[in-house]
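Both complexes below contain chain A, partnered by chain B and then by chain C.
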Partner chain A sequence: MGLSVALNTAMRALLAQQQAMDAVSHNVSNVNTPGYSRQRVLLSPVAAPAGSGVGGGVSFDGVQRVRDMFVDFQMRQQKQTAGEAQTRADSLHLAELAFSEPSDSGLRSVMSQFFNSWRDLSNTPEDGSARSAVVQAGQTFAITAQRLQQGLTDLRDSADSRLQDSVAEMNNLASQIAVLNQKITSIRASGDPGGDLSDQRDLALDRLSELANVTYNEQTNGSVDVVLNGRSLVHGVSAYAIALVPNAANNNYSDLTWAGDGATVTVASGEIGGLLTQRDTDLTSRLVDLNTLVAQIITDVNAAHAAGYALDGTTTGTDFFSGTDAADIDVDAAVAANPGLLAAATNASAVGDGSNALAVAALQTANTLSSGSETYDSFYGGLVSRIGVAAKDAQSLADAQALTVSHLEELRQSVAGVNVDEEMVNLVQYQRGYEAAARIIRAVDEMLDTLINRT
Partner chain B sequence: MRVTNQSMSTRLLSSIQTAQSRLSDTQDRVASGRRINRPSDDPFGTSRSIAAHASIDLIAQYQRTITLARSELGSTESVLTSLGDVIQRARELAVQADSSSIDGAGRRQIAAEVNQLLSEAIKLGNTSYAGRHIFAGQQTQTAPFVEDVPGQPATVTYQGDVGQVQREIGEGDQVAVNLDGDEIFTPVFQDLIAFRDALNTNDMNGVSAASGNMGTNLDTVLQARGEIGARTRRLDLADTRLGDVTLQLQTSISSIEDADMSQEVVDLQTRETALQAALAATGRSLTTSLLDFLR
Partner chain C sequence: MNYRMEIVAGADALGAVMSSQHEILRAMRALAEEQQQAIVSGDVHALTDVVEQQRELVEHLDALETERMTALVAIAAATGLDADTASLAAIAATLPLDRASALTRQGQELRDEAITLQQLQDVNDQLIERSRTLVDRWLHYLKTVLSGSLYTASGESGSMPGARSLDRSV
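Take a look at the complex of A and B:
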C-alpha cells in the first residue's frame, strides 16, 4: 500500500471528524428548540480493497434522527384526553364561579329571601311595605336567575368562538403537514433523511393530536397520512379542510363539516372534542336544570297566587311571574306596578287574611320537582353539586393526564433530547480524532520527506 | 434514564409549579378560613351546605314570626285583663245596686257608671295593635264594634268575621293569634246594656240578674286568657326547639365549610418548605455543567 493511500485515508478521517463536529454543533445549537430530535453521526469503516488486508479508513454515512416512534404515538394519544379534560375543567370552573355557592349571595339565598318575603306578607297582609318587599324579592330572584342563565350562555358562546379558533388552527396544521410531506418526500428521494423537516412535522402532529382525535400513518416514501373521524385530513400532499356551518337549531353555534362535501365531522376528544362537549353537553344540561327549576317555580307560584285574592278583596286569578324560564322570568308588570294586586288572602274580602301568602311560601318546602321527590332547594343543591362533580372530575382527569404527558415527554426527551454534556464529550472525542488524523498526515509527510530528500 | 437539558428544566419547572399550586390552595383556605371555596372543592358537601343554609334561613323566619305572634298574643292578653277589670267592677256595682238601701236616683247614678264601663268595654273591643284590629277576625282594617247611638248604645253590632289570623311557626305548624271578638265581647255588651237599662228603669229583676251574668262573662274572659297562655307556651316550645335545630345546623355547616385551621397552618408550613426545596434544587442543578470543567 502506498503512502498516498495513507494520506487519502487520513484526509477522509479529517473530513469525517469535521462533519461529526458539524453535527455536534447542530445538536448544541438546538438544545432549546422545541420538538428537536438530536442527530447522530453515522460513521463506518471503509472495507479493504480486494487483495489488500488493510481497510480504507472511515466513511461518513450521514446523520440519523434519534426518535422513538412508539413514545410519540403514546404521547399523542394521551394529549388528546389531556386537551379535552383541561378545556372542560376550565369552563366548568368558570360555570361554578357563576353560581357563587356556597355563599349568602347565590340563587339559594335569593330564593330563601323570596319565600320569606311571602311569610312576612302573610303576617301583615294589610301592610304596603310588606307587599313592596315581596315584589322586590321577586325581582331580585328573577334578575339572579336571568344572570345565571346569561352566565352559562356566555360560557357556551365563548366555547363556540374558541371552537372556531381551534378548527382554524387544525386546518392550518393539516396544510402545514401536507406541505412538509411534499418537502420530505422530495428531499428523501435525493438521499437526505430530512431530519429537521421531520421534527417540524412531528411538532405539527403533536399539536394536532392535542386538538382532536386524529390517527396517523407514515408511508414508505416518508409522507404521513392523517385520518380524522374515518376520513383523510391529510393524504400525501393534499390537506382536506374542515368547515364551520352555523346550526340554526343549536343557537346558531357551528357544526363541523368537511369543506369538500359538507358531511358531518364527529370529534370525540382533544381540545375541539372538549369544547364541543362543554358547549353541547356540560353547560347545556346545567342550563336545562336551571330552566327546569325556574319554570317549575314560575308555574307553582303563579298557580298558588291565582287562587288568592288581592288587597281589594275581589281581584283574583292574577299571575305573579311573567315569562316561562330563566331566560325571561320577571315579576308580572301589573303586580310590580301595584303591589296591592298580590293575592295574600285565601278568602274574598278578608283584608287581614294572609293564608294564601303562606300557601305560596309553603311551595318552598314542597316536593314539586323530580317527579315529586325534590324541593326547589334540594334540586338546586343537586344542580350545583353536579357542576362541582363535573368540574372536579374533569380537573383530576386533566391533572392525571398532564402528569402522564409530562412523563412521556421526559421519556421522549431522554431518547431524542440534547444533553450538552454528552455533546461536549463527543466534541472532545471528534476533536481528538481530528488531531490524530492530522498527526498521521504529518507522519506521512515526514516519511515522504525522508524518502524524497534523504535517499 | 438518559437525562437531557430540556427534560431537566421541564421537570424542575413542573416541580416548582406543583409546589406553588399546592401552596396557593392552602393559602386560599387559610386566608378565607373555608374548606369549600367553590363547589368542586367538595360537591357533596356543597349540596349539604346549601340545604343547611336554606333551613337556617327558614328557621330564622319562623323565629321572627314567633316574636311577632308573641307580642300579638301579649296585646290580646292585656286587653282581656282590662276587660276582666271592667266586668269585675260591673259585678261589684250589681251587688251594690241589688240592695234595698239604694233608691231609684242612686240606681240612675250607678247606671251612668255602667254606661262608662260599657264605653270602656267597646273601646277595648276595638283595640288595634300595629295597625290591625285584633278582635275583628280577618277584617283587620275595620273597627269591629259599632254602637247604634254613640255614647248611649241600645245595641252594639259586630262587623268583623270569624276568620282566624294564623302565624306559621314551623313547617305546617300554625298558631292563631286572634280570638273570636263576637263570642267574647257581644255577651258582655248585651249584659252591660241590660244592666244599665234595668238600673235606669229601676227594674229589680234585671238588676239582680246582672251579678250572675257578669260572673258568667268573667268566666268566659278567664277561659280566653287561659287559651292565650296555652298558645304562648306553644310559641315558647317552638322557639326553643328551633333554636336547638339552628345550633345543630350551624355546627354541621361549620364542619362542612370551615377549614381545620391548625391542620391548614401545618400544611402551609410544610408546603412552603417543599417550595423552597424545589427552588433550591433548581438553582443548583441548572448551574452544573461539564463546561465548567473543560478548560
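Take a look at the complex of A and C:
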C-alpha cells in the first residue's frame, strides 16, 4: 500500500473518530438536560485492500441513542402506580389532618363534651348556666361537624381541580407526542435517527405514564401510538383529546369523556386514577360515614328531645338540632335563642325533673349505629381508624414505589446517562497514549535515519 | 589470519548484524501497522501495548547498531577505511565479488525495509498529531466550559452518575 493510500484510509478513519468526538460534545453539552439519552457513534471496520496487509480503518455508520427499552417500560409501569399511590397518600394524609384526632378540638372530644353537658343538665335542670352550656356544646358539635364536612368537601374540590389540570396536561402531552411523531418520522425518512426528538418524546411518555394507565407501541416508521383504556390517545400524528364534563349528580365534578364522541373515559391508575379514586371513593366514603354519624345523632337527639318537656313544663315536641347531616347541622334556632326550651324533663310540669336530659346523655353509649352494633364513639373511632390505616398503607405503598422508581432511574442513568468526570479521565488517558506513541516514533525515526544513511 | 581473511570475517560479522537488524525492522513494521489500526480505531489500550513492544525493539535495535559499528571498526582497521564514514559500497569494494554482492544486496534490503518503516512512521505520526489535537481540544473544552459542572469547592461532583459518553466501540 502506498503512502498516500495509507494516509487516506487512516484519515477517513480519523474523521469517523472525530464524529465520535462530536457525539461526546453533544452528550457533554446535555449532561443536565432532563430525559437526555447519551448518543454513540456507530463505527464499523473497513475491509483491507487485497494484499495490502493493512486494515482499511473504520467507517461512520450513524449515531445511536443509548437507551434500554425494558427499563423504560418498567419505569413507566412503576410510575403509574407511584403517581396513584402518592396522590392517594397525600389526600388521605390531609383527610387525617382534617379529623385532627386525637385532640381536644376533634369531633370525638366535642361529641363527648356535648353528651356530658346533657348529663350535667340532668343534675340541675333549672340551672340557666347548665342549659346555656348544653346549647353551647351543641353548637360546638355542629360547627365541628360542619367544619369537618367542609374540610373533606374542600379536599374533593381540590382533587377535582387538580384532576382538571392533570387532564389538561395529558391532552397537552398527547398533542406534543403527536407533533414529535410527525417530526421524528420525517427526520428518520431523511436518514437522521432524530435522537434528541426521541428523548423529548420519551420524556412526554414518562410524564403521561405518571398521569394515567397508558400503554404505547412504537411503529416501524418511528412514531409511537399511545392507548388509554383500549382507545387511541395518540395515533401517528393525531392526538385525541379528553374532555371534562360537569356531572350534576356528582356535585358538578368533572367526568372524563372522549371529546370526539362523548364516550366515558375510565382511568384506573396514575395520578389521574388516584385523583378520581380520592374524589369519588376515598373522600366520598369518609363523608358518607361522617354524615351517617351526624344524621344518626340528629335523629336520635331530636327524637329524645321531642319526647321531653321544656323548663316551662308545657312545651314539648321541639327538635334540638336543625338540619339533616354534617353539611347543615345546627342547634335549632328557637332553642339556641331560648335555652329554657331544652326538654330536660320527661314529664310535664315536673319541676326539677332532669330525666329526659339523662336520656339524651344516655344516647352516647347506646348501640344505635351499624344495625345496632356500634355507639357513636365506636363508629367514629372506626372512621378515624380507617382513615389512619388507609393513609399509612397509601404512604407505605407510595414510599415503596418511589424507591422502585428511584432504582429504575439509577439503572436508566447507568445506561443512558452522561458522566463528565469519567469522560475527562478517558480523554487524559488518550492524551497520554498519543504522547507516548509520538515519542517512540521520534526515537525510531532517528535510528532509521542513521541506518538509511549508513547502508 | 591474513589481511583478506580478516576483511572477510569482518564482513561476515557485519552481515550477521545487518540480518538481525532486518529481522527487528520487519517486527517493527508489523507493529507500526498495528499502531495505525490502534490509532484509527481509537483503541488507546492497544496503542499503549504497541508502544511498549516498540520500546523493547528500539532497545534491541540500538544494541545491534552498536554491534554494527564494532564490525565496521574491525573492517576499517583491516582495510584502512575511516570507520565513521565508511559506506557499505566502500567496504564491498574490498571484498571478493561473491561476498561483495551478498553484502550489497543485504544492505539494500535493509535500507528498503527501513524506508518502508519510515513511511509507515510518517503516516502514524500525522495520525497521532491529528488525534492529539482533537483530544487536546476536547480536554480544553471540558476543563473550561464545563468547569462548573465537575467539582464544587466542597469536592462534590455536579455531573450525573452513569456510563461514559465517549463510546468508541466499533
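As a convention for this text, the second predicted complex is superposed on the first by the 408 of 455 C-alpha atoms of A that agree within 3 Å, B and C clash if a C-alpha of one lies under 4 Å from a C-alpha of the other, contacts with A are read in each partner's own complex, and residues count from 1 in each chain.
Rule of thumb we're sticking to: contacts are C-beta pairs under 8 Å (C-beta built on N, C-alpha and C of every residue); 3 or more make two chains touch, one makes a residue touch a chain.
Here the structure is a predicted model, which means the values were calculated and not measured.
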Between chain B and chain C, whom does A:Thr365 touch in the aligned arrangement: first, second, both, or neither? first
Partner chain in contact with A:Gln429 - chain B first, chain C second, else both or neither: second
Tell me the contact category for A:Asp154 with respect to chain B and chain C: first, second, both or neither. neither
Should A:Val415 be classified as contacting the first partner (chain B), the second (chain C), both, or neither? both
Is A:Glu218 touching anything from chain B or chain C once the two structures are fitted on A? First, second, both or neither. neither
If you stack the two complexes on chain A, which partner ends up touching A:Asp165: first (chain B), second (chain C), both, or neither? neither
First, second, both or neither for A:Asp312, with chain B first and chain C second: neither
Taking the stated contact definition, name every residue in chain A that is touched by chain B in one complex and by chain C in the other, in rising order. 31-32, 410, 413-415, 417-421, 424, 428
Could you please specify the touching residues of chain C with respect to chain A in the complex? 18, 21, 28, 33, 35-37, 39-42, 44, 47-48, 50-51, 54-55, 58, 61-62, 65, 87-88, 107-108, 110-111, 114-115, 117-132, 134-136, 138-139, 141-143, 146, 149-151, 157-170
List of chain B residues in touch with chain A within their complex: 1-7, 10-11, 14, 36, 38-44, 46-51, 53-54, 57-58, 61, 64-65, 68, 130-132, 136-142, 161, 163, 165-168, 171-172, 174, 257, 289-291, 294
Complex contacts: residues of chain A adjacent to chain B: 31-32, 92-93, 96-97, 99, 101-102, 104, 108-109, 111-113, 115-116, 119-120, 122-124, 126-127, 345, 347, 350-355, 358, 361-362, 364-365, 377-378, 380-382, 384-389, 391-392, 395, 406, 409-411, 413-415, 417-421, 424-425, 428
Complex interface listing, chain A residues touching chain C: 3, 6-7, 9-11, 13-14, 17-18, 20-21, 23-25, 27-28, 31-32, 38-41, 43-45, 53-55, 57-58, 66, 410, 413-424, 426-431, 433-438, 440-441, 443-445, 447-448, 450-452, 454-455
